[in-house]
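Below, each structure is written out as structure tokens.
Okay, so chain A shows up in both of these, paired with chain B first and chain C after.
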Partner chain A sequence: MKKSSIIKNDFLKSLPYLLPPLILYTIFYFYPLAMNIYLSFTRWNLTKRPPTWVGPENYFRMFSDPVFQKALLNTLIFVVSVVSGSLLLGLLLAISVNRQTKLASITRSLMLIPYILPDIAAASMWLIIFGPGPSGYANHILSLLGLPTYSWFYDPNLALPMVILYSIWKNVGFCALVIYAGLRSIPKDYIDAARVDGASDWQIYFKIIIPLLRPIMIFSLASIIMMSWFVFSSVYILTKGGPGTATMMLGLLVYLEAFEKGRAGYAAAIAVFSTLLVIGIIVLQMRWYRGYEKY
Partner chain B sequence: MKNTKETSARKGKTINTFNIVTNIVMVLTIISIVIPLYFLIITAFKTYGEVYKVPPTFIVENPSLEGFELMRQYGVDIGKSVLNSLVIAGGATFTTLLFSTAAGFAFAIYRFKLKEVLFMVIISKYVIPEAILIVPWFSMMIQLGLVDNLLGVLIVNLIGAWTIFFMRSYIMQIPKDYIDAARVDGASDHYILLRIIFPLIKPALGVATVMNFLWAWNWFLWPLILLSTKTNFTLPLVVSLIRYVYGSGGEAPPHLGAVAASTMVYILPVLVLYFFAQRWILSAFTLGGVKR
Partner chain C sequence: MNQNLITVLAVVLTAIIVGAAVYVLAPAKTVTETATVTKTVTTTVTQTQTSTVTPLPVACPVLPEPSEPITLKFWKWQSLTIVDNQIQRVIDMWNQLHPNVKIEFTVMGELSTVEFTMKVEQMTDAGQGPDIVMIDELSLADLAYDGYLAELPDYLQEIVKKNIVEPFDQITYFWGPDGVKRMYGFPGLRGASVKVLIVNDYMLQEIGYPTNWCPKDWNELIDVAKRLTKYDDQGNLVRSGLFVRVSGHIGGIFDKFGPIFLAAGGRILWCENGQWKTDVNSNIGRTVLQLYYDVLYTHHIYDPGFPGDTAAFAQELVAMLLPREPTEVLNALLALNPERFRDPQTGQFKGFHFCPIPPPSQNMSSRTWLDMHVVGVNAYSPPERQQWAFAFLCWVAINKDVKLTLFNEIGMWAPWRDIVNEPPFDQLIFQQILEIAKTGESRVIHPRSGSLFATGGEVLSRIYLKELSIEDGLRELEKALLEAANEVPCVS
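Presenting the complex of A and B:
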């Protein structure tokens, strides 16, 4: 009896501190979320005229829309490549900087720069290096080495790999840092014991440290999936989905449909579908992680 | 005996390849970060003619401010854009810290029914992507008359889930005795937050300030949608505008010198902040990685 009165008391006391976030969240996150679901069943062109109800038409249309299919496929390729690329290279980089040398400490202090640079700025830097003609820096260096030159972001076959490469470059330092923090938290005894038994550095990493890092790797996995699923800014600057639809992504398509083509209802439907899909993927991935934990 | 010798010989060899591989990885990493910055700086001072010169120049031949000049020709006031970006990032950082610290405090010290549920609801914002919010947000801004208004950019970003989570974790680490002792002395909760908790969480406030500023400085999608007048543009919008202005009838490629010039203005505060607050930034990421 007494305990419940304390609980009630605390709730009232906490209200002044919790009210601002609750109000802001309701107005700017939960209400719009519900509204987006409603809008996905309407046709609306972003004007003051109210949306007209069309039922699930937008969803049917989505699956017969080749641009949407391309965006979905590209997003899946992009996310899988960026996630695996940044995690593997991040692991390699984390192992590399986990030493007491001067080079390692310089690398540690620089490696997060691509990640903290704003997307628009970092992508512009890539645009400048990978200029399409012989005047581009990268092309010039390739031709000096006697290698063929490319039009990079303007080449239909190369544009998507380039966007992927850019994103790996952007994220690898973040992954390396998270993994490096994990490396530092592994008890030294484990490593010393292995060393006494005559294990080499490679063996220590592959047989002892990497298995211990699995939880951290899986945590980074979830955050990069979330970050890269709705990739927008970098693709907007690098290619705007082009050439053609070679680099069209779901996040970009939502924007283009709503704000350049004025099909806000259709864009809302794409957003609902894509969000449900990524949440599904993350839930599956968490299940897989729990499976490992039991093991 | 022979066996041990063999192992140690093998060990010596493998350590060598280990050192070589890791050193190569580090050198490549540094090159991949420093070279783009160098190309950015030289390109920012090139004329249109020099940007598209074959072969490209690796040291600027005729340093010029043409890129900066061009921004003005496109109707961009770069000083005003810096100010717009500062207002947005500063405003969002300030309100986020204020509201999130208060909320983190409440979640850390109070006990009430459904607290965990409420916390999960608030943290769930972390997985709501911007893509699913932009269309409704735009519709709300039409209603509120905030289209093409900086206030409309700011108003949807006044609070952050990460910061609430971060402040709560930090405040929970403070020994309960401090708070209980103050309560016995009859201190109010406001007094406890301002006079006891606040001085103890200053490092966390520093980390959260830097992180929120960097995130807000990065915002692109929502300002791009909402803002249309060039004097309202934030810096990333200026960069993207210049990138997509083409010369004669959309045939000539964009002026990469001007793209570089605007990008340089845009990243300068980030790099300065990174070098001065590096320890805080690193601790924000490692805390997030290890704790969860």
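Presenting the complex of A and C:
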């Protein structure tokens, strides 16, 4: 039998298996994606009146819109800070709990609590703790200690660091758990062999454990980048992008443009741009990872 | 390392426990400061019988009960338990009277206004839309302009015109798809309001002012606000004399700017010779923004990091709110500090009063925005269901008991002539609302007012926080408002 007919035969045989997911993907993924790209070239206010084709106007507008620029900058700062903070603290936490004691076991369970808490509950709790003026717990304790109080989420200079801090607190448990799983999968023989060769604890961590954790770190990195790039609910609850535009993020801007201002076309353009940007970052990251795979 | 971990955890846990204990044991600073002003305060209730007269009840047309049961779908935007329960009670009353015309009430509390209107339109297109909708007037304007609302039948228009207190009748008219204004709206079952200045009487007494004081102009407002403001030893605000809205929901920021701008003599948006016009980029705009800057920066009367709005007013962290809707404040007072602001014996509200929005100078008049959620009937509902939907609204309109069930028990005021002078609305505060409402006008300044407010609010928030200078900000505000307004052609 010819090679091409074998391929054709295989394809026909696999079609019934491929078709259901393909149809579902087309309806629920490719079609909305294509619609979003189409909408990004239109002006539409989400109502019955049909979208008007405006060409690349929304994309040109994006780059002259100071709020978009601020949101892009804020998102980049947010992603870099949350990713590095969550991974670093997650690594330290994972190493700390990587032992067979009762306390370590309790800590492993506790560290996941912020991650599994819904944003509405966790963010509301933060709003109460870091409430403005004398009514907030944090400010109350600071004032009892004779220290100055802060406006936390309402101060244009503090709001973004506070949102970053919240997100690190929220994600660190997830990173720690993933890294902990990676730590558990490292064969003990490698470490024992290093010890026999006279390696110190630090050398074992930096020369053996951390390099072997790289694949798991890359996975955590990609997950946290995606989670933080499209951050919405926590920022919406904590600051609504304010004060001013101090905590405006791309995800929130898309929502506000579409569902508050009724500019669905412009919101779609921002969504397309920001998706392409994050895809670019993930591709670069994968290439970087492939470079290390040969390790 | 294990030992270190235990030590760190122990320190953190101890800090949390000690912190919580200190917080629980130590009374809050502001509470001690405000506790000293719980002197006897007698609020003189002056009855101002206004010119509103109770009209004769008008009969609604009697429809033959359908032989087959029909169900009317009633969708309400925004969840407010106390209101929703009362509406459900009224619907239960209707359902008992008309067993073959059941109303099914659904509250969509989780949706934004745009999401709600979008859902109404999409579900209607799919043949599953609601028959009756209730939402704020800015969003109902979208539904009317998109052709989803049926004009009220003549008999109902007559009843509304005769029974509603002016100028609230303005809020029942909306632009249709052809750009012509018609009566598409019926006064909402949630209460109406007017944006006013709200003042804490206890704090006024503290500085030796009478409890019926209202500022005549902005100088007097700022002067009193400065006296009412308190700071701690480090200069931190512990009580704000005047709250102005500078952050939060962007549409709300513009909504609170509007009345101050109107009182300063502005128009915001109008249609002239087929063109949308705005006067925000003017001396009036500069004057209004200077007022915000004076409150925030020149006199440090309020700062964005301090508690604000109705909750802070109820907790007596803020002495005055400019501007706010009385109904919202009443809810907060009843929820957070009822013993301080309501006499448990008489049920009369006390300790605060409402003032008109002060103009910049005494030779100017006060103006403000009215506020009312509105009910509409779906233009695409089958004729029979539409008729019954209007019949339901008519039943509400002419039935005093129904209105008192809706508004009385929840302290919500509504501009129906036959109830505005009935208990509890004969109280001073409700009579003040009635009086101040005379200076009010509709917020529906454009068929797409909701998106216009959001667009304007975003620019304003950047001006207030000094991301933009006043001059650049006003230019941007003008540009943004006109761009949003021009989405719809203006019909002079």
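Rule of thumb we're sticking to: the second predicted complex is superposed on the first by the 262 of 295 C-alpha atoms of A that agree within 3 Å, B and C clash if a C-alpha of one lies under 4 Å from a C-alpha of the other, contacts with A are read in each partner's own complex, and residues count from 1 in each chain.
Just so it is clear, a residue touches a chain if its C-beta (ideal position, glycine included) is under 8 Å from a C-beta of that chain, and two chains touch if they have at least 3 such contacts.
Note that this is a predicted model, so its numbers are computed, not measured.
Asks: Here chain A is shared; do chain B and chain C fit on it together or clash?
Replies: They clash.
Asks: Is A:268 touching the first partner chain B, the second partner chain C, both, or neither of them?
Replies: Only chain B; A:268 stays clear of chain C.
Asks: Which partner does A:156 reach: the first (chain B), the second (chain C), both, or neither?
Replies: After superposing on A, A:156 lies in contact with chain C but is clear of chain B.
Asks: In the superposed arrangement, does A:260 touch chain B (first), chain C (second), both or neither?
Replies: In the superposition, A:260 contacts chain C only.
Asks: Is A:107 touching anything from chain B or chain C once the two structures are fitted on A? First, second, both or neither.
Replies: It touches chain B and chain C both.
Asks: With the two structures laid over each other on chain A, which partner does A:49 touch: chain B (first), chain C (second), both, or neither?
Replies: After superposing on A, A:49 lies in contact with chain C but is clear of chain B.
Asks: Once the shared chain is lined up, is A:286 touching chain B (first), chain C (second), both, or neither of them?
Replies: A:286: touches no partner chain.
Asks: In the superposed arrangement, does A:246 touch chain B (first), chain C (second), both or neither?
Replies: After superposing on A, A:246 lies in contact with chain C but is clear of chain B.
Asks: So, A:148: does it touch chain B (first), chain C (second), both, or neither?
Replies: Once the two structures are laid over each other on A, A:148 reaches chain C alone.
Asks: Among the partners chain B and chain C, which is in contact with a greater number of residues of chain A?
Replies: So, of the two partners, B touches more residues of chain A.
Asks: Based on the superposed arrangement, let me know which partner A:29 touches: chain B (first), chain C (second), both, or neither?
Replies: first
Asks: If the two structures are placed on top of each other, which part of chain B overlaps chain C: 79-87, 205-213, 241-249 or 259-267?
Replies: Stretch 241-249 of chain B has C-alpha atoms clashing with chain C.
Asks: Residues on chain A in contact with chain B in one complex and with chain C in the other?
Replies: In chain A, positions 46-48, 96, 99, 103-104, 107, 131-135, 137, 140, 240, 258-259 sit in both the chain B and chain C interfaces.
Asks: Which residues of chain A touch chain B once you look at their complex with the stated criterion?
Replies: Per the touch definition, chain A meets chain B at residues 6-8, 10-11, 13-14, 16-18, 20-22, 24-25, 28-29, 31-33, 35-36, 39, 44, 46-48, 92-93, 95-97, 99, 103-104, 106-107, 109-114, 116-122, 124-129, 131-137, 140, 169, 173-174, 177-178, 180-182, 185, 198, 200-202, 216, 219-220, 226, 229-230, 232-233, 236-237, 240, 250-251, 254-255, 258-259, 264, 267-268, 271-272, 274-275, 278-279, 282.
Asks: Can you list the residues on chain B that touch chain A in the complex?
Replies: 4, 7-8, 10-11, 14-15, 17-18, 21-23, 25-27, 29-30, 32-37, 39-40, 43, 51-56, 58, 99-100, 102-103, 105-107, 110-113, 118, 121-122, 125, 127-140, 142, 155-156, 158-159, 164, 189, 214, 217-218, 220-221, 224-225, 236, 239-240, 243-244, 253, 256, 259-260, 263, 266-267, 270-271, 274, 278, 281-282, 285-286, 288-290, 292
Asks: Given the complex with chain A, which residues does chain C contribute to the contact?
Replies: So the residues of chain C touching chain A come out as 1-2, 5-6, 9, 19, 22-23, 26, 28-30, 112, 114-115, 117-118, 121, 125, 142, 146-148, 232, 234, 236-238, 246-251, 303-308, 315, 317, 448, 450-451, 454-455, 458, 461-462, 464-467, 484, 487.
Asks: Given the complex with chain C, which residues does chain A contribute to the contact?
Replies: 43, 45-49, 67, 96, 99, 101, 103-104, 107, 131-135, 137, 140-141, 143-144, 148-152, 154-156, 240, 242-246, 256, 258-263
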